[in-house]
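Going by the order they are written in, the chains are A, B, C and D; count residues from 1 in each one.
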Amino acid sequence: MAIPSGLSGPQIAWRAAQDIPDGAYVNLGIGLPEWVARFQPEGRQVVYHTENGVLGFGDAPKEGEEDWDLINAGKKAITIKPGAAFFDHSDSFAMVRGGHLDVAVLGAYQVSEKGDLANWRLGSKGVPAVGGAMDLVHGAKRVVAITDHVAKNGAPKLVGSCTFPLTGLNCISRVYTSLAVVDIDPKGFVLREKHAAVSLETLQSFTGAPMHIDGAVTDLIVPDLA
Amino acid sequence: MAIPSGLSGPQIAWRAAQDIPDGAYVNLGIGLPEWVARFQPEGRQVVYHTENGVLGFGDAPKEGEEDWDLINAGKKAITIKPGAAFFDHSDSFAMVRGGHLDVAVLGAYQVSEKGDLANWRLGSKGVPAVGGAMDLVHGAKRVVAITDHVAKNGAPKLVGSCTFPLTGLNCISRVYTSLAVVDIDPKGFVLREKHAAVSLETLQSFTGAPMHIDGAVTDLIVPDLA
Amino acid sequence: MRKQVGSVGEATASINDGSRVLIGGFGGSGAPIELIHSLVDRFRNTGSPTDLIIINNNAGNGRVGIAAMIAAGMVKKIICSFPRSSNADVFNSAYAANQIELELVPQGTLAERIRAGGAGIPAFFTKTGYGTELADGKPTACFDGDMYVQERWLKGDFALVKAQTADRFGNLTYRFAARNFAPIMCMAASRTIAQAKDVLTDGSIHPEHVITPSIFVDTIVEVAAPEQEEVLVREERVY
Amino acid sequence: MRKQVGSVGEATASINDGSRVLIGGFGGSGAPIELIHSLVDRFRNTGSPTDLIIINNNAGNGRVGIAAMIAAGMVKKIICSFPRSSNADVFNSAYAANQIELELVPQGTLAERIRAGGAGIPAFFTKTGYGTELADGKPTACFDGDMYVQERWLKGDFALVKAQTADRFGNLTYRFAARNFAPIMCMAASRTIAQAKDVLTDGSIHPEHVITPSIFVDTIVEVAAPEQEEVLVREERVY
């Protein structure tokens, strides 16, 4: 069966952005999660945290106007907004480990039905590099993942248990995928929203563990963003 | 036998002050140890630390000019000197516990020949209060005690083992008393300086554990300070 | 995202019976007198909040602030390092009459336990207290040949602190040594309430001068002419 | 009490073979390029210092700074959280050739281990890494129903940091996000060496704006026009 195409990466990020409330302190993982900031709904103030010691950063500066002492965890140039603060790495990870962030949005290679996350390496080859990934999975009141529903090789990314090296156990509470919005509760995966173009059976066939229904399942509706 | 009078409290503090080197970061316990700052030898710069978050404080302000947001651990008003810094309690005790202070000078009820110190309470009665005492005993590269050699009731304060509640084990490296300067090494008490008015026998009779001789014993010479 | 409220009573309104409250200050420096007195006022009017667990370096001085709370009978237990001060009669009487519990903690361990609570560190080892009665019953361990005591984090439901300047985002600075326990208490509380002499409505604190970043602060209230506890104690004021 | 010296070479002269060196910086921000290059210069001239153990967030970028040390063959081991950057070819080659050891530590645990080293905390518990391969073989414990990993302090013989301003007493401030690991590294080293863009000879840093208090700093050297590592990497500079 062909892999259903579903949402683009930015569309997944858009959907995740809708759930971030006004006033939230948020950390966005490197890569696709960074797109979430672009889709912050009008009228909500969100304060972004980056591991290297900045709260309250804004958009990237124009090319040529970068100050390389003002970067985010992905080493990209940033700007700061009113209310920003600088602090050292121990305070920065006190914010993370201490659960002071409201939301962390992370990428995923695999998410298990127990909420385990694998997102830092695909195997034992090459140079391992973990950064703040293992801290962030325990670093917010609510930790969510955004990811394609299925890997490029067709393997499910929502699985019974992770086969890639673990980043953390029992840490993810919701997954936003290209096909669905899925909560993780003691039962396992619970479907909340589903892409209208895929049937429940098709969705289940591309998911590595039972997808439970518990209450209404609504359509996953996202703007075009073309 | 009458208790030999020996040095006054300020004279003991004076003697301890002579051993504090230029450039040292120093914490002085509340009470008699605070006198050490008055006798800092000319030409030496010493930076004083107080537990409540100040480095580089100076003399007390004139009466009537106190700012009660600028106090030391004894809740006395202080002033600050150039190079001072304010910091919070966790950083302040990181300085202490992390061994960043060069010298801590503490009062003592009893010091044992193993270097144990008792200086926070005399028994189990009344309201206990420990403050920073138990932190400071492990809080400097060199922790010394200043005390009368003998308690007012005639009991030795340098003892085989402490009978008062302990502040810390194996923490004191030198004791400055009204009669002697005594190092503590693996053998126990080692006499370095002795008040000229007391004989070795008398000194031993007022000391609760053997006073070893290891090298020269010089006279404990202190100015009048009258 | 609006953190500023109009009165100290409003700021502390959600503190209820049995709350664990971290209160900044060392002696009289940094004591958030107006926030504390708003709790005393409410207790006198409504009988609540009571059975509070208070965490502070001391146990009240004179007859204002924490001492006024103890005198009013609102405090079940105090966790502190130095209850015995020159003006601690209120605590001393309550303690002698078994009306208040005391957990005595060495000052640096108190600070580190609070910081650990804020930093998500459930337990740590320290040399402080090893071999003393204050470590009785606590786990110990040997690292690199030295013995250490295991201590647990200490968190609060609320923190009350006295800031010098706040901005509308909740960033804080403090005045001189009034800083003391406040930054770590802001970290260790589920809900942090700061009174500030000055709340910036335009602009914000310079990002390199921020002492407590806004993420640790939930509620701010301007108290433009705050009382200084030591001054009140020396004037023998009674609240 | 004189902490300022005249050259970066003099500042780093006591770093010797086998030293453990904490080096500030995150990516290119905060990398003390001139201090690092003074070690490379000495190694090229004398063969020393070598067999260094380097502690940094990364493992060198481009062909300057830590990457230049690795390329020179002075580094025995690196302790870091993220060796895999877009310009880590030097480390990658050395690692593939088994010429360098790697201890990989989650970034927040790295920060906390360094802070613990500075604060006299030999060990602490964290949730980070529990159940993952990076916690293999480490003690674990349960607190309040959750599982945690025990981690040990991490100290250095030396720390090298890049400050913005220093005063003659040794107090430091940093520029923007160049602060990152520097304040805790200053705490965790037996001897801290800071380069500063500006060393105040009269006056001192405002005591409420000091980020690293002077007690944590041993040696300061003015580097009035410091290189920025990211700029050098983008210019493909080779040291």
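What we mean here is this: a contact is a pair of C-beta atoms (placed from the backbone, for glycine too) under 8 Å apart; a residue touches a chain by one contact, two chains touch by 3 or more.
The structure presented is a predicted model; accordingly, all values stated were derived computationally and were not measured.
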Most distant chain from subunit B, judged by the mean position of its C-alpha atoms: A
B-D against B-C, pair bridged by the larger set of C-beta contacts: B-C
Centroid distance [mean C-alpha coordinates] between subunit D and subunit C, Å: 35
Intercentroid distance (Cα basis), subunit C paired with subunit B, Å: 30
Per-residue overlap in subunit D, given as positions that touch at least 2 other chains: 112, 115, 119-121, 126-127, 174, 176, 208, 211
Multi-chain contact sites of subunit B, meaning residues that touch two or more partners: 86-87, 90, 93, 96-97, 138
Pairwise touch network: line, ring, star, complete, or other: other
Chain pairs that touch, as defined at the top of this document: A-C, A-D, B-C, B-D, C-D
Partner subunit C, residues of subunit A touching it in the complex: 22-23, 25, 45, 47, 49, 55-56, 80, 82-87, 90-91, 93-101, 138
Of all residues in subunit D, those that touch subunit A in their complex: 26-30, 57, 81-86, 88, 91-92, 95, 102, 104-112, 114-115, 126-134, 174-184, 211, 228-231
Residues of subunit A that touch subunit D when the two form their complex: 50-54, 67-71, 75, 86-90, 92-93, 96-97, 116, 126-135, 138-139, 165-169
Subunit C residues within the subunit D interface of the complex: 112, 116, 119-127, 141, 143-144, 146, 148, 152, 173-174, 176, 208-209, 211
Residue ranges of subunit D touching subunit B (in the complex, touch as defined): 1, 115, 117-121, 167-171, 187, 203-205, 207-208, 210, 213-216
